[in-house]
Amino acid sequence: MSVVNNLVDIRALAALVPDGAKLVVAKDESGVAMAATRELVRRGVRNLHLVTVPVSGLQADVLIGAGCVATVESSGITLSEFGTGPCFTRAIKAGSIRMKDATCPAIYAGLQAAQKGLPFMPLRGIIGSDLLKHRDDWRVIDNPFGTDDKIVAIAAIGPDVALFHAPLADRFGNVFIGRQRELMLLAHASRKTLVTVEQVVEGNLLDDDARSGATIPALYIEAIAHAPKGMWPLGYGDAYPIDAAWMRAYVQMARTAEGFESVVAQWLAGDGALKPLVGAGLGELAGAAA
Amino acid sequence: MSAAVTPTELLIGSIARLLAGVRHVAVGASSPIPGAAALLTRALSEGSAAGATRVSVLGSRRHNAFTNGGVELFDLAAQGRIDAFFLGGGQIDGDANINLVGTDGYPQGGVRWPGSFGSAYLYHLVPRVILFREEHTRRVFVPRVDFISAAGPRDDRVYRPGGPHAMLTGLCLFDFDKLRRRFVLLSVHPGHSLEEVRDQTGFDFDVAEQVTQTAAPDATALVLMRGRVLNEIGETYPNFAQLWRATLPVPATA
Amino acid sequence: MSVVNNLVDIRALAALVPDGAKLVVAKDESGVAMAATRELVRRGVRNLHLVTVPVSGLQADVLIGAGCVATVESSGITLSEFGTGPCFTRAIKAGSIRMKDATCPAIYAGLQAAQKGLPFMPLRGIIGSDLLKHRDDWRVIDNPFGTDDKIVAIAAIGPDVALFHAPLADRFGNVFIGRQRELMLLAHASRKTLVTVEQVVEGNLLDDDARSGATIPALYIEAIAHAPKGMWPLGYGDAYPIDAAWMRAYVQMARTAEGFESVVAQWLAGDGALKPLVGAGLGELAGAAA
Amino acid sequence: MSAAVTPTELLIGSIARLLAGVRHVAVGASSPIPGAAALLTRALSEGSAAGATRVSVLGSRRHNAFTNGGVELFDLAAQGRIDAFFLGGGQIDGDANINLVGTDGYPQGGVRWPGSFGSAYLYHLVPRVILFREEHTRRVFVPRVDFISAAGPRDDRVYRPGGPHAMLTGLCLFDFDKLRRRFVLLSVHPGHSLEEVRDQTGFDFDVAEQVTQTAAPDATALVLMRGRVLNEIGETYPNFAQLWRATLPVPATA
């Protein structure tokens, strides 16, 4: 197998997400490409259809706050112990995003249908939930092997782009995901997969008998960017903890649109602590920086 | 060890009693008290004839053996291989419908919560769903939820081997009568009263013939809880563990 | 996690397959528990419903030849370069087994339905094939999201027992499968999973960040037997090649029922080469051994 | 290198021409000649503007990047991510139906073959299915197959982005006309004739205006084939490689 030249810098990676893309991202425990998300915000990507697998937190909240998102398809947007997503909540109240409320296994089912090239997957549960009333891509059908047995058909979710963070890549374009198996689902289901990694290793991951079984082959990977600490301010397994001070400052500041603009300006400027700008909106900050 | 049982410990002990005998209990995100209760159940069950209860704590690295991604919990549940799970609700009504989406109209409405997570699915499939919500007010326990994230049992001939088994709040413990589809008050926590429960509950419920005071965990449970379980849950919920530890009579080293 | 006492000897493992079980086994490349299969034959297990994922070779042929099998559900029984399965062919002609002819992805779909606790999975293709005429557990339904779009519903295959061979197990009951991911599907889909392994390692495979993502957790594993060279006479990856001389002798001898009896007698007696017994059936061999 | 092209090499070269331009070709079990042709296609395509053809050889460790089990090939095919695949048949008829199950009645019948493998599925989904069967006799190429493992294209409004693209035998190469749903004879291999093809084929077929002699692989292809490709295919098919090597003018070291 020849060396694949799909290692790019992180801005080039973010440039591969077109405006209007159906973009699928992972939950915090699986691997969130926060450094790449910053480049998406810097670039000002617009009209994303954001699919979260199955939930999201800071990543969804900043993309929504920065006006990058038209539609959110998710089973939950929350900053967990830090609170609710302030930009998400504001956008819902303002009606500025279209919300496709889901339930976790339906997100997996929709992606698995896409992975399998199927129009739909059946799924138990759901019937009786108001979620079903608002989803024309979920339909109640008869179990063909049952008698008077209704079951939900979940239409395929076919993302244009998958974007996530993983531990290792090699120079052949392969990505090691370890126990975060759902990242393989994201890659298989999507037309194009973009990955940031903590580390680029020598050798071919597929030749490593210990790791090859938990490796996404290059076949599915459009581009990889080397992004050490690429999940900051989120934490990454045993490698680094969540930046709790940053998260607390975020939740506090992002309560207002002005405060969120200040967050974004500071975030785009570097990896440091957030400083609340009392009474200062983005205009003043930009002035001060100029 | 003779220190008074805290409300948190009372809840953990109560949940552990509800879990007695389960083979496999899973605990969802943001659930430190159910997580501690599941780990206590495992600790209590070790060495029993039926074998130890298996515990899968989402978000944990050490107490979660799943290797097939987030879908594995849902696949196991549909196979009948998860015996117990926990759900909460921004609103819960007397028909055991739960609402995790928001109030007063959808989608823009009044309050917006994070979303339904796995509730709409797991509620149908896990036989012993324990509803757990500490805040016990008429804001939470409403006559009718504004949005049904997950539907309580009903006569719709839908495949539903699972459903609500009990509901634990900061005030009391309800059973759920599956035949009559009604909550039944079983016990009231120390320091609270039946009248308080009635005042704070927006739906009708039945009352057991003998409403007792919710029992505190016994000495064995308390020792395990404050030692091994506190350490185990601290891996996933360090802040929760720290706050709990601060209530203990002899502070352990951090 | 405590040490799980599910390491047993190979006869005890084989004893866990009840007569009449729906038994699911893997193809040669994935991992075939041949040593355990020998114990099944020795025990004289009967009336198996054998499901091969998706095909099988020597394992299916000897189980059929030894009279252990009532039903075969498979996409192909072949000894590949060594020829067709002589006992399989004979049993089909004699009508002594019920054959459920399948196509590979339908076997995977049926197992995935079982894995997911679903009554069925949809699957493209198949319509127009005569396979469909003989399967009442495959039905043509309408794609609920299409217009005049037929698709096949494949009923769940819920095996009682999965039996396969893998590289490593630990003393906590976990099994490492490397790139043979479909072994995870077998384990997830089946009520009970029995595994033979080349090697038992110290430590917990789930604590090994390289291997944990390709490890079946103990949750799914009923029993493990340590069986070095457990795939012989088949080969196992880079570890050992197929015993081609044995296979050639097998194909030659198993052409007749008497020859097959001689194969079985020699196979049960040890791991050596097969000696054609010209003119000698099992009766004579048994007499010689007495 | 000036040694005569063997029949095997002619087949490999012919298949490689049919694969020109594909992004991803998969090769099923027991298919050494298609496997060698796919590897040759990759070798020829390296450095091209469109990038190298991706090859997935089932049963190979080195030339197969799949890490999701046997289902991965089928999932990729349904997504349209496999451009070419190979199928054979114990019987093949003029409507391009193929039979991998057996003759004269099902299930007991006459001859029994191993089974249908993935044919019933891949035939519908892979756009460039190449039918390959070396034995060219009326036993194989029948008026009507006794059992349809995988159905040729027909007016049934079934989702079928795939289907037969060409058919290569030991005697000749057919195109498949997708509109008229007929095989069209394109070329006859050296040493054989149109009459021989007619005699040995049990179904009607069309004949191209100019039936040519099947072209031998060019010098570049032959060098790659006898060197790199022979070594690569030897990993999966050592016996095939050994027999092929024995036909080469200067025996290489084993």
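Per-chain residue numbering starts at 1, and chain names A, B, C and D are given in the order in which the chains are listed.
Heads up, the rule we're going with is that contacts are C-beta pairs under 8 Å (C-beta built on N, C-alpha and C of every residue); 3 or more make two chains touch, one makes a residue touch a chain.
Everything numeric in this text was worked out from a predicted model, so none of it was measured.
Within the contact network of the assembly, the step distance from chain B to chain D comes to 2. Rounded to a whole number, the gap between the C-alpha centres of chain A and chain B is 29 angstrom. In this assembly, the C-alpha centroid of chain A lies 42 Å from the C-alpha centroid of chain D. Among the residues of chain D, those in touch with two or more other chains are 66-68, 74, 78, 125. Counting only residues that touch two or more partner chains, chain C has 117-118, 123-124, 149, 151, 179-181, 184, 212-214.
Chain contacts in this assembly follow no simple pattern; the graph is neither a line, a ring, a star nor complete.
Interfaces, counted as pairs of touching chains, are A-B, A-C, A-D, B-C, C-D.
Those residues of chain B whose C-beta lies close enough to touch chain A in the complex are 29-30, 59, 61, 66-71, 74, 78, 100-102, 106-108, 112-125, 147-151, 154, 156-159, 239. For chain A in complex with chain B, the touching residues are 27, 29-30, 53-55, 74-78, 80-81, 84-85, 88-89, 92-93, 95, 99, 101-106, 108, 112, 123-131, 134, 148-151, 179-185, 237-238. Residues 117-124, 137, 139, 141, 143-146, 149, 151, 153, 155, 167, 177-181, 208-214 of chain C touch chain A in their complex.
Contact residues of chain C toward chain B in the complex are 1-2, 114-118, 174, 184, 188, 206, 212-219.
Of all residues in chain B, only 24, 46, 52, 54, 62, 65-68, 74-75, 77-80, 125 touch chain C in the complex they form.
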